[in-house]
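Okay, handing you the structure first.
Residue numbering begins at 1 within each chain, and the chains themselves are lettered A, B, C and D in the order written.
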């Protein structure tokens, strides 16, 4: 690694300073992540779910809305996870529900993060009046209970998938905005930001090239975790019957069986376990990222 | 062994073979290696060295406060009036802390708990060690603040740390350390975070209190100026080793270890004749060694202009007289071994 | 200080006004209006009647005048009228909000108190079993949908182990004594509160563990130890308060989210809170009620936020202003 | 430096004021204003070093940053080679900016941890679009050897360097655009003694070779004495004394300068000046004292000191002082 400045005696020893700072290179982070077994397991499972989402409906082309069995049949050879109150196959429903769940979760997360990071970055970087106004707006969106607000939006406009995605994004971006702002405020204090201004760098380049990469670690963790939260959020809206009635999702399967679950536990348990598993695996990835970015804080 | 001469004196504190190891990524790293010294009554011992040389770790190890994990005290004795602190139970060592040996730290900003008033933190210390009523403790706290020359102590005692200046906070820390009139005060870079004019005030205060109470002080610093100001005796540390020990005059006027010599030469002082303007300063090349990959032999070897083949093996401490020792092969010409 | 509180309250009022304005525009963005909804309830009607009704509601006036009128109305406490329930929205809300608030607040308090304690205890032995338990708990707390957890808990504790009532907030017939009635309500609230609390408890315990570990490594804890303080004092006096602060902050910020969770829990447990009211109104497209719920929920959050800010101010003397 | 060279003023700062408005406690209270720099004037000649010395909070760092436009100045003018920087159009400003650079105190926070050493030094060239990629790489190589770093270190990240080496990277970056004027903001105070000497030697060498002009900011009088031609002592946002190096150390006038000198822990016992010990702390720059700012800690303070603020006047040739009295014997 580093050679010392050139000691004038014969070079008997190598001399370096002990580096106590976390490794900051992306490659190091990647290696640390790969060394984390739980995180890799999570990643594998999430990939598996994505594959199910993509190929599941092709492999098992059965219509999830079709009534294939007697209503409320317990799990058996014909219907693996039993049937619901209309005699629809729960297993087929879970396979077919994976795709819309993932599409909504990923796109809604992207929109959320895009809004959140932009507003947070602008507020944190410029400070002063800009920050003040943006933060008041953020606060305003934060006092509206997200689910209630989303329900209202869906009720007022429509339950079209685009509306649902926007409703999720509009109600949840403040968390990302606050996080980004906090990171920007912290990083802005570093003299390397002042140094960039001293060499005449423009604000846009400072925000995107200097500050954002340094703010990335916590943001990447937050984005990962946001995907999981969105899965649950979407499930809650579906559970309440507020999403597109023509699309089957796990939350909707639970919601529709609400009045029957004392008689047929399988109708809510299996879709719930599907949600739980996916989100748990995402959480494991988030944890793995956290450990990889902050090796010193492992296990917090 | 090397410090046999120490036993002659009636030292308040004697430290023998104190060693601290750290566990860094599964490797055992020696942060402090077999440090010996004694501290006399009413004496000020300065420990000086660059960052990472183990001087602060020495202070923490004396009171068994090495952060663990990853650190641990692997060897050594610390005798406080012939009582070995290393063998005490947790409960017993707590009675020593703050009572027999007190500490003040570098950062008065963060060393006080931000959510309690100054008075609260002082009173709690008094109550911990003395059997007093809360009202008496409060009275004593005010007295202590007066002792450390804080104006209007009755007012200040109700304030929170963030309402005070750095100098004030360090005075509060000193007051807290003085609660039980300790025999030893360990001051770990007490003025580094303060302005020069305030630094001078704090040193004056410490000297004044020392004159009154005959307390012994261990002053840990990277600043040789502070050492000159305060210390009677000096220990120079490098990479976890004590490389030289002597009285202030000995160290300043006839340093024997090449590291001490280099340190003193490269140090800038105000010259009364303003000479040496922009003249190249003598440098110590390179930087401090990586403790993770220690090489055998003298740790200063790679930066030493006088290093020889012999320096590939570790030099012992050569005792050159009463409390005067150097850890360098260069002094090995027929003297005491 | 007084001025700061005053300012905080003023900001709160501004926020509430903003919520009303939002409501107004949502109302206008909805396809059709109150009159359409009303007539739909009655099975359609003739355009003349519709126009008359619109005029009586002031719906034929310019938007900004309508807005001003609407603002005035809401500030007088009039949130409109629900045709489906045949009751004023304000009364409806006053009837349903208390249950939701009781659920939200008790769950939040449980989560904060036990979350902090769990986290602090875990931080004392960061490599211990309990610390691992906190990690696992927080993972599950993050990944479990609250409505599904409610159903599973119902299956276990009401169906298979019938320890608690499954639905509603009161037994029928009600116990005679007042004390009995209160105990009965508590009995009904145990499962829903627990369901809601456990998820937040999980995340708070993780946060408080992290902040406790930070605090334990700080300089002032080193000072406290160097003073010879007992470990109990070091932990319970010097660390706990500092470690709890991030949890309190987060609880304040998450209030609206917990409120959302409460709505789902109520739906599962059939509690007569805001949740079922909102759900029913959405099905009936009863807009005055829908927007009334949004308004009620937002205002309670705003008020609660002011209170958390004051608590925070009390806990941390460093916070000079509470803007 | 030598007298034979034509003394040409490179930078002229006139009555510079920088006030920061803090967040007010509530809407009903006044905005607290920090008078960080409160009317500071000085000139720096080409190839010379002006030292700015004072304790924390005296405004020396803010002065340095205001000159480079990194903080907004409230009042006053800054002229570079006779051009008033306040009146320069933005395009021209970008060119001027190349000629004025800064080196920071903390080499740990002054380097972006996610850029390699080579990229950090390359950045200024990219921003100003200088040369093609080959020329730029040559320039970076040249800069690395100039500050005593090796070429193969360009691929390393800042955390892989020691403090001294990091400061060398900072210097290389500051030199990339071939500046004439550099603000050295406490460049050695975060470094160990042995490393301080390395960096000071490097700075002196570079100044000689490249004919640089320095504004050297430090709280350490020994460092100031070693590198500065002229010295200005600041206290609470104003200059209280200004003189040549020899004059200031031989013949300090202002009570604050003398207190500062005597407070320095000298390291050698030969100088035992009669110590002036200051009482108390530096007052808060939000509520600075009326009249003379130093009066609250000055043992010579009289009534007039609280009524009138003394102006900086030339008390003897080339020796400026802001005090109502003649407090020294000579």
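Everything that follows uses one rule, which is that contacts are C-beta pairs under 8 Å (C-beta built on N, C-alpha and C of every residue); 3 or more make two chains touch, one makes a residue touch a chain.
Because the structure is predicted, anything quoted here is derived from the model rather than measured.
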What are the chains that chain C and chain D both touch?
A, B
Select, from B-D and B-C, the pair of chains that is joined by more C-beta pairs in contact.
B-D
Innermost chain by mean C-alpha position:
A
Determine the centre-to-centre distance between chain A and chain B, using the mean Cα coordinates as centres, and give it in whole Å.
50
What is the distance in Å between the mean C-alpha positions of chain B and chain D?
32
Please tell me the distance, in whole Å, between the geometric centres of chain B and chain C computed from their C-alpha atoms.
54
In whole angstrom, the CA-centroid distance of chain A from chain C equals 23
Two-or-more-chain contact residues of chain A, please, as numbers and ranges.
5, 16-17
Where in chain B do residues touch at least two different other chains?
285, 287-288
Listing for chain D: what residues touch at least two other chains?
162-165, 198
Under the touch definition given earlier, write down the residues of chain D that touch chain B in their complex.
55-56, 162-165, 192-198, 200-201, 204-205, 219-223, 225-227, 245-246, 249-250, 259-271, 275, 277-282
Which bits of chain C are touching chain A when the two form their complex?
11, 15, 18-19, 22, 26, 29-30, 126-127, 131, 135, 139-140, 142-148, 151-152, 154-155, 159, 166, 206, 209-210, 213, 253, 256-257, 259-261, 263-264, 267-268, 278-279, 282, 285, 287, 290-291, 293-294, 297-298, 301-302, 305
Please give the residue numbers of chain C that touch chain B in the complex, ascending.
217-220, 222-230, 233, 237-238, 241-242, 315-318
Under the touch definition given earlier, write down the residues of chain B that touch chain D in their complex.
50-51, 151, 165-168, 195-201, 203-204, 222-226, 228-229, 252, 262-263, 266-272, 274, 276-278, 280-285, 287-288
Complex contacts: residues of chain D adjacent to chain A:
65, 68, 70, 94, 97-98, 101-102, 104-106, 109-114, 123-124, 127-128, 148, 150, 152-153, 156-157, 159-165, 170, 173-174, 176-177, 198
